[in-house]
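Below: one structure, written as structure tokens.
Just so it is clear, A, B, C and D label the chains in written order, and each chain counts residues from 1 on its own.
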Amino acid sequence: MKNTFGNAVSMTIFGESHGPAIGAVLDGLAAGLPVDADLIADRMDRRRARGDGLSTSRTEPDQVEFLSGVLDGHTTGTPVTLMVRNTNTRSGDYAATAALLRPGHADYTAFAKYEGWQDARGGGHFSGRITAASVAAGALCEGILRELGIRVYTHIAQCAGISDSPLSSAAGLVCPEPAPGHFALLDPGKEIPMQEAIRAAGGVGDSVGGILETIITGVPAGVGEPFFDSVESELSHLMFSVPAVKGIEFGAGFALARMRGSEANDPFVMREGKVATATNRNGGINGGITNGMPILLRTVVKPTPSIYKPQQTVDYTHYTDATLQIQGRHDPCIVPRAAVVQNTMAAFGILDLLTVRYGTLAQKHGLPQQ
Amino acid sequence: MKNTFGNAVSMTIFGESHGPAIGAVLDGLAAGLPVDADLIADRMDRRRARGDGLSTSRTEPDQVEFLSGVLDGHTTGTPVTLMVRNTNTRSGDYAATAALLRPGHADYTAFAKYEGWQDARGGGHFSGRITAASVAAGALCEGILRELGIRVYTHIAQCAGISDSPLSSAAGLVCPEPAPGHFALLDPGKEIPMQEAIRAAGGVGDSVGGILETIITGVPAGVGEPFFDSVESELSHLMFSVPAVKGIEFGAGFALARMRGSEANDPFVMREGKVATATNRNGGINGGITNGMPILLRTVVKPTPSIYKPQQTVDYTHYTDATLQIQGRHDPCIVPRAAVVQNTMAAFGILDLLTVRYGTLAQKHGLPQQ
Amino acid sequence: MKNTFGNAVSMTIFGESHGPAIGAVLDGLAAGLPVDADLIADRMDRRRARGDGLSTSRTEPDQVEFLSGVLDGHTTGTPVTLMVRNTNTRSGDYAATAALLRPGHADYTAFAKYEGWQDARGGGHFSGRITAASVAAGALCEGILRELGIRVYTHIAQCAGISDSPLSSAAGLVCPEPAPGHFALLDPGKEIPMQEAIRAAGGVGDSVGGILETIITGVPAGVGEPFFDSVESELSHLMFSVPAVKGIEFGAGFALARMRGSEANDPFVMREGKVATATNRNGGINGGITNGMPILLRTVVKPTPSIYKPQQTVDYTHYTDATLQIQGRHDPCIVPRAAVVQNTMAAFGILDLLTVRYGTLAQKHGLPQQ
Amino acid sequence: MKNTFGNAVSMTIFGESHGPAIGAVLDGLAAGLPVDADLIADRMDRRRARGDGLSTSRTEPDQVEFLSGVLDGHTTGTPVTLMVRNTNTRSGDYAATAALLRPGHADYTAFAKYEGWQDARGGGHFSGRITAASVAAGALCEGILRELGIRVYTHIAQCAGISDSPLSSAAGLVCPEPAPGHFALLDPGKEIPMQEAIRAAGGVGDSVGGILETIITGVPAGVGEPFFDSVESELSHLMFSVPAVKGIEFGAGFALARMRGSEANDPFVMREGKVATATNRNGGINGGITNGMPILLRTVVKPTPSIYKPQQTVDYTHYTDATLQIQGRHDPCIVPRAAVVQNTMAAFGILDLLTVRYGTLAQKHGLPQQ
């Protein structure tokens, strides 16, 4: 379905970096759900670039306009359309090097796919700019989940070579909200070192990547579908739609390759009258279905492909080798901004899976008690 | 869509481990495609357990019966239904411990989801047994891809702590077929050490996991869709439907977290009159769309959860803590068998993506020349 | 999705008239639902040809085998696969005239679509035989609906020029089950005249069609989705998948063209403490959503295209005009058999729509009280 | 998928009658297709109310804004978003009677579905106003079809009791464009009588309906899918999403009920070296697949439910019987405006079906020659 995803709740994404607007259509929401405008504004603000040497100097207010589906601060049950106008576009930055394929970008693949008719300005539909739409839509979903007792939290597990504290039951399960304007970290003391490492890379015209870790609490056991609609399938499908994500793992993930079964299996225990697991190496998911423990996943975000160092490339108007010196405004690191993208995308995915199981009305009336 | 996946070509999976049969319905194939019965038989044979101390002693001939969509060795254009009868089922093995949740398995999640009505025998629909159906269907797709000049190859990058040789352009791009009855390895000299390491774990009632690496060559540039139907989204969706997969990465994957942009970007070069990249750290995919280079992905397969060591668990009929001693027939390692599962699943995904772009008829008449 | 349909509950259809088997995969059912084997057997029996001069002399026992998803007479929550083996196939009947396109049949369109690779034997995938699979699957759904207080009934409103009594609240709303072996009529006195009219047409090598009327009671108000997933959209999509259906109308249908608004509008009234309508010219549906009144629809079934009279046609191996004299075994009228096809298809569609709104678990635990 | 429909080409509809905007997202278009702005403007103009006693006095310029997917008059291959701002909204008209359910409208069903949270102003999402979005999107598709040699034409077969000339090969197959500002009729002489009949009904506070007939020429044989995605299934699904449509028939439609097979079958003939049919009672479709003849369908449009005559209804805030006297601006007949709605919806459906078969690129590069 290309730019539409979801079973019971669907999101349709549209827009180009330098086009009139970007936006999203969210369908399948119950009527009468409060739209948490503050939460949406907070999420948009976290995604926003700040022009502080850490992210691009293209800063836009990113005002979200509701075109449909919302009345008096509540959903009406029909498609919710969110639009964000593009205002601060400087396509001229790209003109000088328009014929040179930017390594690591979608320039060449878009050219091949759209036979030269793509909107190439600013990366067009492949720009990270598009995630402003998914963040707005996902934040609306996150607000709905909160009313159902479900929290989604993403921290920067690693960035520019600096690692955050590991998730522990003490820190991880309470899902701290990062202070406004700060990095999402379990250990706030890592913010300055990370920022310095990012600026160091940016200072030499280079960029860095990192790993984001997402934890989702409060999802009851029994959510997700066997085989093709496993929780991992749905969430990975969504995460890989986010530009720059090149890997995902659940629970202990790739570390499971070197564990033995006796280490990888999470022993079941009775805890407060409920079935729980003593460890969580399966990330809250067995056989593709939630087991009631926190869902844990990590995504890797590659270094920003737009770097200022000269790069070897191809001039595709003449099909000759060439050297590219990128102009324009770019983030030396998108990891801190991506945290909220992954967080809201996960919120959307979980809301869809819950709705498949419990029906649309449960979004409003609550999940059945277990 | 739960047990159905795909846009232009879809696969529907059905069956339980100890039910009458498992199978798959493959829809969206062109008419007149030769069904490569030898290739299907080879793939089924690779997935088959051998009862040799490396895999379960439940060995079945796994005869594939075509119920529809095939006539005189060719597709007819209508749904192809493949069925494999279950013959060697010993449900009694499970009876003694039926009330004890097996750690790492879907017992508890299936119980929660299906409210006690699941077919629990042998893991039911969550058994690895189900992959016999996806392998048969995917092998049919793999045969179609071959006619289009596309090859899919999966080797055991790591298993039981033993690593295969890394993919290099010399070894990787020729996609060697493993010799029948042997592990899929680039370095055949690693087979004996791997088997010994597996048997060592099995000998102490434990199990091991590993990492599979898949390479797909011959896919033209421009395949895949932006945002939700990126190549990574589609392939990861499919891979996470395979039991025991807990992580996936494309190209350099998680290693990108510690690279700088200047290392992670693949420089474009002209090669034999075509645009290519000098390195392939993006795994043949930029912006979710193929760039014509080989598609590279790795999946982690967790250690078999069925181990013979005593495990802490819960008796869910009495909601009490308990100790489980698993009976039955289980693989100490499923990684070698999983290689063909991932390989055929990838083949299905690529055929779907190609068909979305080029239409159903291109399956028969070939892809347009670039 | 070609041979798969449904949102929360999906049906996948496979098989050819003279292939090994036909069948259906039903996904999205809750676990623990009783499978009403008697109802399925009754529906299969009603669809079955009897070789009595009214329907084809190809009579088959049509034994339904459950390949998956059912255990001890209850659904397990995973895909239910139903298979019916083809046993009484006489492809030789078709050999003599294989090159001659049968007017009114899919011979030419299948040839064009599948470029000559279609399974043409007995009409292949386009044969009415395929409906044996949809009837079995739909009958399972009908049984589930009954537990929820919803009844589906289809009578032969008109056949071979003979009309049944019109639906009235007295007769229509009680949904009488036709006696086994008899036509589904509100007025049993019309059976003999209809049969005589059918035999009269058959006696001169010709065939007749008719109109079926379906009524669905007990569906609560608020089911269906706006715009593309209106109740009419979903049900018409399903009905037109049934061979020979060429028209559908809801409520007063085409007669609305000559009514004025004051006649066509159904006045709302309070009845037993609930909102109801005094008339039902909108067929229980306003704006695509159910209003709690019985859903009413009519489908037209064209005369069986297989007739024994000589017909003008084309020999598509030589692209010349030709005359066709059809052999084989054919129904002079499929309307009585089609009644149960439409009935079970409607049951499937309603179950899907209910599940979209109320969730999978409501199939088992009941609809919320209004 | 609720407000999204389509397989290879999808349309997502959003908006409410009195909300900020209505719109559509069209995904799956090839890149580089010219956007025929004149055709879109013409279609929007035909749908527009004129305030001439024939249609509502709510007249809006309906300026279509492209938010994404179009650059320099061509598609870019990414989702095309069309938005139309609502400007002339007078919600006050509805306030006085807001508690009274309007018979024939979706007031009650929306109330039941959305539990009182629906946007009820002007009919909200259920208003015919929403079709402005589908007309704009469908007109874009119609322009693409024209480049492929396919024409779609809809005339008013019957309205207010006045019938247009029947389609004949002479008149029907040339698909005349109606003169701007005039009714779409084969016989222009019927316009004045129809208008007089409409005004006569409007003059007594009543309304009328009618039947629209659509013909689609140039579609090659072999388009459409067996069973669930028959051409009839896809087109009927779309047509019933249009408010006020209560019936659809293909070819001879309901008249087939009284024909014999020898009358209903269309004899095949060789014509200009191609297979054709001598008659077209199957409406260009056999077995759900196109046969190369013109596709013929008719939809019935019920009389406008908004009438000025007093009507019996229910006050749903007090659950009492009541009498409703509708205020506001309403069409005594929407049939002439609906003609372009059906026409553009059919164009969208045909483009989707063609793309499923021939791939996205064929939209630009043309259909293969037969």
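We adopt the following convention: contacts are C-beta pairs under 8 Å (C-beta built on N, C-alpha and C of every residue); 3 or more make two chains touch, one makes a residue touch a chain.
On a predicted model such as this, the values are computed, not experimentally measured, just so you know.
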item	value
Where chain A and chain D overlap in contact partners, by chain label	B, C
Chain pair with more C-beta contacts, B-D versus A-B	A-B
Whole-Å gap separating chain B and chain C, where each centre is the average of the chain's CA atoms	38
CA centroid of chain B to CA centroid of chain D, Å	45
Mean-CA-position distance for chain B and chain A (Å)	26
Chain C: positions in contact with at least two other chains	1-4, 7, 13, 78, 113-114, 125, 226, 357
In the complex, chain B residues that touch chain A	1-5, 7, 11, 13, 101, 103-110, 112-114, 125-126, 130, 158, 161, 201, 206-211, 220-230, 232-234, 236-238, 240-241, 243, 245-254, 256-270, 273, 275, 277-278, 282-283, 285-292, 300-307, 309, 311-314, 316, 319-321, 357, 370
Chain C residues within the chain B interface of the complex	1-4, 10, 12-16, 19-23, 25, 27-28, 31-32, 65-69, 71, 74-79, 81, 83, 113-119, 124-125, 364
Of all residues in chain A, those that touch chain C in their complex	7-8, 78, 226, 355-362, 368
